[in-house]
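Next up: the structures, one after another.
The two complexes that follow have chain A in common; it is paired with chain B in the first and with chain C in the second.
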Partner chain A sequence: MSMAADERNARAPWALTAPALMLFVGVLLIPLAMTVMLSFHDWGQYKGIEPVFILKNWHEIATDPYYAEMFWRTFRIAILTTLLTALLGAPEAYILNRMDGRWKSFFLLVILGPLLISVVARTLGWALLFGGNNGLVNKLLMSAGVIRSPIPFMFTETGMVIALAHVMMPFMVLSVWAALQRLDPQIENAAMSLGAGPVTIIRRIIMPQIMPGVLSGAIIVFSLSASAFATPAIIGGRRLKVAATLAYDEFLNTLNWPLGAAVATLLLVALVLIVVGSNALIERRYAEVFR
Partner chain B sequence: MRRNGPLALIFHTIFVIIMVAPILVVCLVAFTPEGFLSLPTNGFSLRWFRAIGNYPEFIRAFWVSLGLGALSSLVALLFAVPAALAIARHRFRGRDALAALFLSPLMIPHVVLGIAFLRFFTSAGLGGSFAALVIAHVIIVFPFALRLTLAAATGMDRTVEMAAVSLGAGGWTLFRRVTLPLILPGVISGWALAFIQSFDDLTMTVFLAAPGTETLPVRMFLYIQDNIDPLVTSVSACVIAVTMTALILLDRFYGLDRVLAGKGDTGR
Partner chain C sequence: MAYLELEGVAKQFGAQTVVDDFSLSVGKGEFISFLGPSGCGKTTTLQMIAGFLDPTRGAIRLEGKDLTAIHPAKRGLGIVFQSYALFPHMTAAENVAFGLEMRNVPRAERAERVRDALAMVGLAGYEDRHPRRMSGGQQQRVALARALVIKPSVLLLDEPLSNLDAKLREGMQIELRQIQRTIGTTTILVTHDQNEAMSLSDRIVVMSQGKIEQIGTPQETYEKPASAFVSQFLGKTNDFAATIDRAATPARVIAGSWSAPAPVGLSGPVTVSIRPERIGFGDAGLNATIVTRIFQGNHWLFQCDSECGPAIVIRQNDGERQPAEGEAVHLAWRPEDMSVRGGV
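What follows is the complex of A and B.
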């Protein structure tokens, strides 16, 4: 279509996006605004929710060390999960990228496929593997002589981090994989012809170029881990709470909706700040890669 | 390019085993002939698959999930296809902001969305209804439907459309006979990916589902909270089988890396 025709259709894009825009304003932005407002309402065991403006919930979260500990646990688990996926996922993406065509697409399917398999089923798998003191993982580690006594995995942060890392791993592999696709294999050959060894090549040539991929993968993994629900709920059990499972408890067990809304709002705001902030940092640091 | 050394291949083997192990163990335990959680060392049995028949709540939850996934993905596409065409073809003020808004459900934690929808639909008198589930799922699958349709619309050869216009086609005929068939692979893949996302969602749905409208992941989650027995592994094995089938079809049809990486995005 020519420019003139496009100008005649100046209203067309708005007509085409209007239904979706109305949907998003009506059932996404308004509910989110209602949730933020809810966090300022009052609540009592017998009186229920009172639509007043009060800072009680925010004050409770700010002063009660229980919430500080819970948020610190949430972010600690997310950071460890991110580190684990980066340390294992980045080398795996590199190895995968050097495979022959058919093996490459087969293993890509095997590694990325779990992304679409129910999180409940995947976490159930870890619960079965961990399964108390004589779970398969412990039996395997003990017979291999790696450990003497069984490690408690169920209802611990260790177990949560391992299961979460498994759930999040495809995102990291995918992100590093995308960065590797932009990489020119000739640079590696050039470095080799100039006498660089494999360690030097990885450290000086590969690492700097895939770092943006690792970092953007890390942002995805971190924000999804910090707000994960199914895995912490199943592996962590009822006592080891993270932000998402605590909000769930406040909403569906204690029925203190305003407090649950405050926890959720804080999680949302913290994540948006962290994600937007680190995105800006990465883009400034690696401006030439994104250009 | 250089080959992978032996160390790299050992790392790769261990990595793949760890990735597959939890899924494999669920499927294996599902075939146990014993009455408790165990690997089927004494032969395979289908008793736990037959046992699903005695739990109508799992069957009903399966149908709820299936209907919810199919319907919400379809509705999402009805909104997403026009929006994708507008974003792909027009440069207008607010285009980037609109695209960001439409993709935002990817960035908002599902627990926050679950809470927001619970609050919203309860005040609207729709709490726990199937309609509320459909609307909520339309929002969370919308980015997936939009992304794949957008990729198809951006990569489309527009000379065919111009030819149709020069022959007198316009409006609805142009869309139905020319544009839609051309972007159909993207639209169908978008529907499939949206369906999988809806079918698997637990975190948001667990806030909205009531006893009559529990989806399969919610039913499974609530069951696991009480106890873990071979029944839930056989249900999981069925879910894994459904997803794997959709996955292999999606890979053959469109390419899994393209689907997941959302290549041909809004140019980001």
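What follows is the complex of A and C.
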């Protein structure tokens, strides 16, 4: 009798997690497996998709420099976006953390605000600001005397990085903010009492302790930027494709689903490797701070 | 001559006065405790000395120089924080070395002083440990070494022992006292624990609601409390309502069926306070019944119901027969053991 009860107890966790598990398998694992399988299928202009196992798509991606350029651009944009969010987001979080209660909640809302608005709407906003040579940003910069001739923002990597950095900023700020919360509130006073000036305190005491936060924020921002679709699609358009928009075009314009699937799979695998690898590195490097 | 001097120091946050009219002069090498319940202003006072807060009024001087005009980073004080505030990304040795680095002490001398400081607090061999891999007691020692290695003019301790368990705390108290005696650094300890204050300090500053209640040696504050607050806060005490009868000759102080020759000066209703260990069971005295009797190893604790309200009595466990629960007793004490204050 008690054995039956034990058995029932052992089955309970499975029974309880089954709905979530089924959803996970149904909407994530199965489509993912199908996409991977699709990438090995053949495709022709007139014959459509043929369910055979060939390496044609992978061979094409590996040999045609067009794809290499596309992936290189994707990661270059993601890296620059990550750097920009880290450079602006970390100080932003630090300043935010030092503010008084009421201002703190107000500015936190300002920073999180973008998350409440659709990515498409936000990016279209940037498109309006950039808007060719007569865009607001260019006019401002020129009247301020920063630049002499307009900088092309639309359909360029510069514009894409700026728009992406804006979209991703909340993730960096929140991540650094979380690291700052773990700081001993007296740590700056402790450093000061030992004779450290403000710059030394930031460089030697604060920075090393929030670095894990900056890096985990960087991982989030990097992977979201590398797989971003809406922003590159609107700012970059057809002229400046990245991996995500390339896969989209293969699926919906060329109708070469297998090639699109191969691009998507490669992007996924590359991202997983980069994220898992850098996460392991960070955890080893900052073991003492994380513990 | 006063080494560290606080004169009429006050701190206000908005309309709220947290510390008021705080005056104290500390001699060189003295160990002073600021003792009081939380919110009495003791930590605020310490932070003003450290420079993390600016006093609203008053002066703080170190060897005659105005300390408030000096930036906290230049004051050269050693501080041990309640949370220790160690740098978690640095090893024990790097933590201790930080202050020396800021003072541009040459590398070789630095290494030697760090080693000596860690050895002094009993952490030789722990140089390369990170704080998070150390116990609370060890972290506390690193914090102490870090504060002492810069040879501070004053050592400020902000409830440094409150995060340790009782046994460890006792050990650290003894060690702290020994280290302080050896190197002779003027020390100010902030604590809410009267035992800690009494066992460590040369003098205690008892504080309540931002004001100094009494400054004195541990014995003075315990035996001759200046106010009801001090006598209540420093250990257990019995307060009995009594009257002084000046009509009798000689004048007598009377509490229930207990009476003694009255001290000069006071008359009418007074409060008599006696420490529980100074009360004995006699043939005559205040009528009382034992409510509970608690055995505590080296002593007995009696809770009594007396004519003048509840009373506690502590008797040494000296092998004598002790009254049982429910027994009627007479509480008696020597007049010199009580303090008499005007009013009830």
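The definition used in the following text is that the second predicted complex is superposed on the first by the 281 of 291 C-alpha atoms of A that agree within 3 Å, B and C clash if a C-alpha of one lies under 4 Å from a C-alpha of the other, contacts with A are read in each partner's own complex, and residues count from 1 in each chain.
As a working rule, a contact is a pair of C-beta atoms (placed from the backbone, for glycine too) under 8 Å apart; a residue touches a chain by one contact, two chains touch by 3 or more.
Predicted, not measured: the structure shown is a model, and the values here were computed from it.
Engineer: On chain A, do chain B and chain C fit together or clash when superposed?
Structural biologist: fit
Engineer: In the overlay, answer first, second, both or neither for which of chain B and chain C A:V27 touches.
Structural biologist: first
Engineer: Please indicate which partner A:G145 is in contact with in the superposed arrangement: first for chain B, second for chain C, both, or neither.
Structural biologist: The answer is neither, since A:G145 touches no partner chain.
Engineer: Tell me the contact category for A:T200 with respect to chain B and chain C: first, second, both or neither.
Structural biologist: second
Engineer: Could you say whether A:L124 touches chain B, chain C, both of them, or neither, answering first, second, both or neither?
Structural biologist: first
Engineer: I'd like to know which partner A:G101 touches here: chain B for first, chain C for second, both or neither.
Structural biologist: After superposition on chain A, A:G101 lies in contact with neither partner.
Engineer: Determine, under the contact definition given at the top, whether A:Q209 touches first (chain B), second (chain C), both, or neither.
Structural biologist: In the superposed model, A:Q209 contacts chain C only, not chain B.
Engineer: Quick one: is A:G44 in contact with chain B, with chain C, with both, or with neither? Answer first, second, both or neither.
Structural biologist: Neither: A:G44 stays clear of chain B and chain C.
Engineer: Name the chain, either chain B or chain C, that contacts more residues of chain A.
Structural biologist: B
Engineer: Which partner does A:A191 reach: the first (chain B), the second (chain C), both, or neither?
Structural biologist: Touch partner of A:A191: chain C, not chain B.
Engineer: On the combined arrangement from the superposition, state the nearest Cα-Cα distance between chain B and chain C in Å.
Structural biologist: Least C-alpha distance: 8 Å.
Engineer: Touching chain B and also chain C: which chain A residues?
Structural biologist: 185, 189, 192
Engineer: For chain A, which residues count as touching chain B in their complex?
Structural biologist: 1, 6, 9-10, 12-14, 16-17, 19-21, 23-24, 27-28, 30-32, 34-35, 38, 88, 91-92, 95-96, 98-99, 107-129, 131, 136, 163, 166, 169-170, 174, 177-178, 185, 188-189, 192, 198, 223, 226-230, 233-234, 243-244, 247-248, 251-252, 257, 260-261, 264-265, 267-268, 271-272, 275
Engineer: Can you list the chain A residues touching chain C in their complex?
Structural biologist: Going by the criterion above, the answer is residues 184-187, 189-197, 200, 204-205, 208-209, 286, 288-289, 291.
Engineer: Looking at the complex, which residues from chain C come into contact with chain A?
Structural biologist: The touching residues are 50, 52, 72-79, 81-89, 98-99, 102-103, 130, 132-133, 146-147, 150.
Engineer: Which residues, counting only chain B, touch chain A once they are in their complex?
Structural biologist: Against chain A, the touching part of chain B is residues 1-5, 8-9, 11-12, 15-16, 18-26, 29, 37, 78-80, 82-83, 85-87, 89-90, 92, 95, 98, 101-102, 104-105, 107-112, 115-120, 123, 135-136, 138-139, 142, 158, 162, 196, 199-200, 202-203, 206-207, 217, 220-221, 224-225, 228, 232-233, 236, 239-240, 243-244, 246-247, 251, 256-257, 260-261.
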